[in-house]
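Below, chain A partners chain B and then partners chain C, in two separate complexes.
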Partner chain A sequence: MIQYYFMLGVRSLRRNPALTALMVLILAVGVAASVSTLTILHVMSGDPYPQKSGRLIVPVVDNGPTEGYTPGDERNDNQASYTDAVNILNSKQGDRRTVLYGVAGSLEAARNDIGVFTVEGLAPTRDFFDIFEVPFLYGQPWSAAEDKDASDVVILNRKLSEKLYGAVNPTGQRVRLMGNNYLIVGVIDTWRPVPRVHRIIGGEGAFGDEDEFFIPFSTAIRHEQSHNGSMNCTSYREPGWQSLLNSECTWLQVWVELHSASDRANFQNWLDAYASEQRKLGRLKRAAPNVQYNVMEWLEHLKVVGKDSRISAWLAFGFLVLCLVNTIGLLLAKFSVRAPEIGVRRALGASRKEIFTQFLIESAVVGLVGGVLGLILAMGALSLIGSISKQLAVVTSMDWMMLFVTFAMAVSAAVLAGLLPTWRACQVTPALQLKSQ
Partner chain B sequence: MEIKPIFSALMRSRTGPILVAVQVALSLAILANALHIVNVRQAVSARSSGLAAEESTFSLRSRPLRAGGHEEQIATQRAEIAALRAVPGVVSVAQTMQLPMSQSGNYNSLAAKREQLKESTGAAVYVTPDSLIKTWGLKLIEGRDFNPQDVLEVDQNVSKEFPNAVIITRATGERVWPGAGSFVGKTLYFGTGKDAREARVIGVIEKLQTPGAAVGDDGETSTIIPARLTNGGRVIYAIRAEPGQMDRVMRDTEQAVRNLHKGQVVVRTKTTLDDRTSRYKADNALAWMLITVSVLLLIVTASGIVGMASLWVTQRRKQIGVRRALGARRVDILRYFVTENVMITTTGIAGGLLGALALNQLLVSKLELARLPAEYMIVGAILFWALGIFAVYGPAWRAASISPALATRSA
Partner chain C sequence: MLRMQNLSKVYRTHMIETHALRGFEIEVKQGEFVTVTGPSGSGKTSFLNIAGLLEDFTSGEYILDGINVKGMDDNARSRLRNEKLGFIFQGFNLIPDLSLYDNVDVPLRYRGFNAAERKERITDALTKVGLASRMKHYPAELSGGQQQRVAIARALAGSPKLLLADEPTGNLDTQMARGVMELLEEINAEGTTILMVTHDPELAQRSQRNVHIIDGQVSDLVRKSPTLVAKEA
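Right after this comes the complex of A and B.
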């Protein structure tokens, strides 16, 4: 019977073409608006490392001065000083650890037609590639020994490698980068984690472009490679590179991969012990809490999902409610002219329940058609938003989950809108209807 | 008037009118808030950066492959600025380390006293050996611009020297010395405590936005210090071109720097308007999104009113025929439907005004938005009255055109 009602529903779409088209269109627009804003929210707040995000940790200790500090004040910075970063790196805590900062400079291509251009990259340690599951196209990460020796080795990203060498394996070649010759040891494949949790601070932010190259952290320090990103100094430091390393300026980001999320308590103990030791040494001044963030907490803490995206989503949902109310009105109109038909069916023995099922299915059919149209509109809207900027393009791709949400939303909206009109349809008195014919 | 009979007719079948009123209320609540947000954002992105002629200003960033030592870097900077000044169409050039609205730059904490525990404000620090005031056309409201004697040459690898003159914006002065009418001659501290550097305010400019160009006063707390730095910091040239010659001047200056370094340099130029566009991209994107939703809102609401009104006209064909036969003129029928609609929309508008306030309250508390001014509610109310009358006019006119003879004859 349900199949038959479904057929009836499809057929009745043609009965009032103008009214039905309006209904489907309004539903589709409402669904499209909320789905496209929801997709952006969904992607922005996504978890790029679902298997391990709970045990990828950013430890932060507060190294700010005590002048003007009262306990409970905001932390000095979210980044780490060189001293803290290197101490955590050498701590043997967790399975893997890395320290990184942004570097940028000129690349002198051997090919004359390319010339000199600026590239932006990262200076992490070896474990970075394992921690963030970076896919390799050629070669592999540099070795721990190369980290230790601060060797002049570099890993390119696929785009830069293809720009310089075409589609061949360039490992073993040398490239002149930031005034030094680097040996290429690997090329990573296209790598676009969304959001870019490893580099939200500094650079282009959570939805920025790919990193073009990677050199060992120790190498960058040895070459006194200045940072490309943000640095926070609470007092004037002495001039020179070594004094930057000795200073309490914060400019590095530290990541620790724990063996399991349950190790966080142990890590917290270690972090507290480390901080109190540094306080005893007189380095850390504030009696501030030491904090660790996992990936999702880090995204939340840095407010990666913008206020604007939330405003858009809220207003789009308000709009969907409006479309729903509108659809109720239109369905009411559509069903009200069917009173004679209902009268006949009731007189021939159909129960109220039967009528209810039939008309609700008819509403669901409207929702289904609205859903298909809404999906097309949402995709159009998303590609339009994506075309505005490269950064937005990253967050405007729809996945299966959002596809499902679109349909579920459209159909349930239509069924919800159909409830009142359907209930009204059930109230038709057969005798009255038959008499008036 | 016929308000009473219309009212009692409305009371007999309430569902339809309630639906229309709810639609109007929802649309008005959303529209008023959306337009308010759009206007706030437009006002933010239309703020002046303090630069007199943004459309003919651009920046050129030079990064030579081999920088050399302190003396060599100073010589390079001097040679570069001379080469830029020699390009025809260049009105003025000044070296700087950062640009307003470029979203990347140096900030420092400022204080009025060395003993202060907490900073008075954070401020952007523009460092220039030239005159940014001349190049950017900043408005000097007190004191004087730097002269060449003020400029200090600092090798950041070995020296902590700091110039002893500073020019501040009015917003900076008001943050550091609230209530003081004049700021020239005062001593400003960069940082607090024993490490703080001091400089005397020699001039005050009306306005210069920070690289972040944050909303409110925070976006205008800038300082300019006279120094030529080497070993650290970017070398950027702010350039003003003759009006209308921007594109050519940009190309020629780029080429001039390339020629100077015989190609061994990375040169990038960017117009101030491009900086402005990227600074306000998010604001503009949100504004367009809200405008789109608002237009759709109006269309959906109007179509809802048309749909319901058409339904009522169809349902009341017979009654209209009877009324016409008993002497009602067309204009009476027309007036009946329009009045009915105005009554429904008015109810909706009343609900919408409350809804707008409630939604605004929610946005204020959850997303730190500004309060909704009354104008938006008044304009919104008028807009929906007009929309209601406009939407109902078609169906009402069809009702008025019903021929009494035909309408009463049929079953």
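Right after this comes the complex of A and C.
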């Protein structure tokens, strides 16, 4: 019977085509608005490391000065000083640890037609690639020994590698980067985690471009490679590289991969013990609580999903409700002229329940068509948003889940809108309708 | 086939009570062709609606094919309507955006027949009314008389025991009306009981029995048709 009602619903689309088109359009616009904002919200708040996000930890110790600080103030500095970063790196806590900062400089290509251009990259430790599951196209991460020796090795991203060498494996070649010759040990494949949790602070933010190259953290320090990102210094420091390393300026990001999420309590104990040790050495004067964030907490803490994204999603839903109210009105109009048909169907043996099912399915068919149109509109809206804002371009892609959500939303919206008109339809007194025709 | 005893139907509004039927008694036997006449507002249509289970009654008894319908819920009444009854209306009441085939299909769908059986019944019914060749057409493409024939086919397709007709020839010219009437008589001759409301005294004359309703009561229960009288004599 459902199939029969579905067929009747499809046929009924052709009746009052103008009214039907209006209904489908209203529904589609409402759904498209909701789905496009929801898609952005969904991708923005996505978890790029679902298998391990609970045990990927950013530890934060507060090394700010006591002047102008009242206990309990929220900390707005989320990076680490060189001292803390290196201590945590050497702590043997968790399975893997990495420290990183952004580096940038000129690259002198061997090919004359390319010349010199600026590239932006990262200086992490070797574990970075395992922690963030970076896919490799050629070669592999540099070795622990190369980390220790601060070797001049580099890993390129695919785009940069192809720009310099075309589609061949460039490992073993040397490239002149930021004034030094680096040996290429690997090329990573296209890698676009959304959001870019590993580098939300500094650089281009959570939805920025890919990192073009990677050199060992120790190498960058040895070359006194200045940072490309944000740095926070609350007190005067002497000029010079060594004094930066000795200062309380925060400019590094630290990640620890714990063995399991349940190890967080142990790690907290270690962090607290570390902080009190440092206090004995005259540092960390604020005695503020030491904090650790896992991936999702980190995204939440840095407010990666902006308030405006949430507000626009709510507004879009408000708009959908408005569209729904309109659809209710149109369906009432569409169904009210069907009273004679309902009378006939009742006389021929349809129960109220059957009339109810028939008309509700008819509403759902309108929803389905609205869903298809809504999907097209939403995709259009998303690509428009993507073309206007480079920042938002990565979050404007629709996945299967959002595709499903679109249809579920359109159909349930239509069914919801159809409830009142359908209820009215099955209240039709058949006797009255049959005589009045 | 159909028996009503001391049946009444009262319509209530805030201000007044209207007795459409009171102390209404009738019995229709299997295979009869009964016409119902009476002035406007006498209760003919109320009677037909109650007989067709389209309306509830206020008090009394109504037995349809041995089943007491009092207190039946909507589902059971709809089922009974679908299985036992066929309807023909003055205004034909075909569904305009369904083809003739799909119009006749409607009651069969509610009955739950499978596709093969539905097809056979639809073809048979449309053949019987002489419109099998036009089953893909839509109601608007037919004359009034043809539309009423489709309505008859639709009423017959489910093989009902009782056919209820409300002024089936009221919207037709004399020639078409005659054709429809002959078709109904043919159907009756094959065993289907027919109960027909009409204003037309000539049609009333043609039936085996005429029931006259005045003020919601049967005034003249049995009046045999001239042919039957002649036979008995």
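What we mean here is this: the second predicted complex is superposed on the first by the 436 of 437 C-alpha atoms of A that agree within 3 Å, B and C clash if a C-alpha of one lies under 4 Å from a C-alpha of the other, contacts with A are read in each partner's own complex, and residues count from 1 in each chain.
Definition applied: a residue touches a chain if its C-beta (ideal position, glycine included) is under 8 Å from a C-beta of that chain, and two chains touch if they have at least 3 such contacts.
Remember, it's a predicted structure, so these values are computed and weren't measured experimentally.
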First, second, both or neither for A:G240, with chain B first and chain C second: first
Which of chain B and chain C A:A150 touches, first, second, both or neither: neither
Contacts of A:F117 with chain B and chain C, given as first, second, both or neither: first
Touching partner for A:L434 - first (chain B), second (chain C), both, neither: second
Partner chain in contact with A:A350 - chain B first, chain C second, else both or neither: second
First (chain B), second (chain C), both or neither touched by A:R14: second
Touching partner for A:Y4 - first (chain B), second (chain C), both, neither: second
Chain C-contacting residues of chain A that also contact chain B: none
In the complex with chain A, residue positions of chain C that touch it: 45, 49, 52, 54-55, 74-75, 77-79, 81-83, 87, 89, 91, 93-95, 97-98, 106-107, 109-112, 154, 158, 166
Residue ranges of chain B touching chain A (in the complex, touch as defined): 15-16, 19-20, 22-23, 26-27, 29-30, 33-34, 37, 63, 65-66, 117-119, 155-160, 190-193, 195, 197, 232, 263-266, 268, 281-283, 285-286, 289-290, 293, 296-297, 300-301, 303-304, 307-308, 310-311, 314-315, 359, 363, 366-369
Residue ranges of chain A touching chain B (in the complex, touch as defined): 19, 22, 26, 29-30, 33, 37, 65, 67-68, 105-106, 108, 115-118, 179, 226, 235-236, 238-241, 306-308, 310-312, 314-316, 318-319, 321-323, 325-326, 328-330, 332-333, 336-337, 385, 388-389, 392, 420, 424
Residue ranges of chain A touching chain C (in the complex, touch as defined): 1, 4, 11-12, 14-15, 340-341, 343-354, 429-431, 434-435, 437
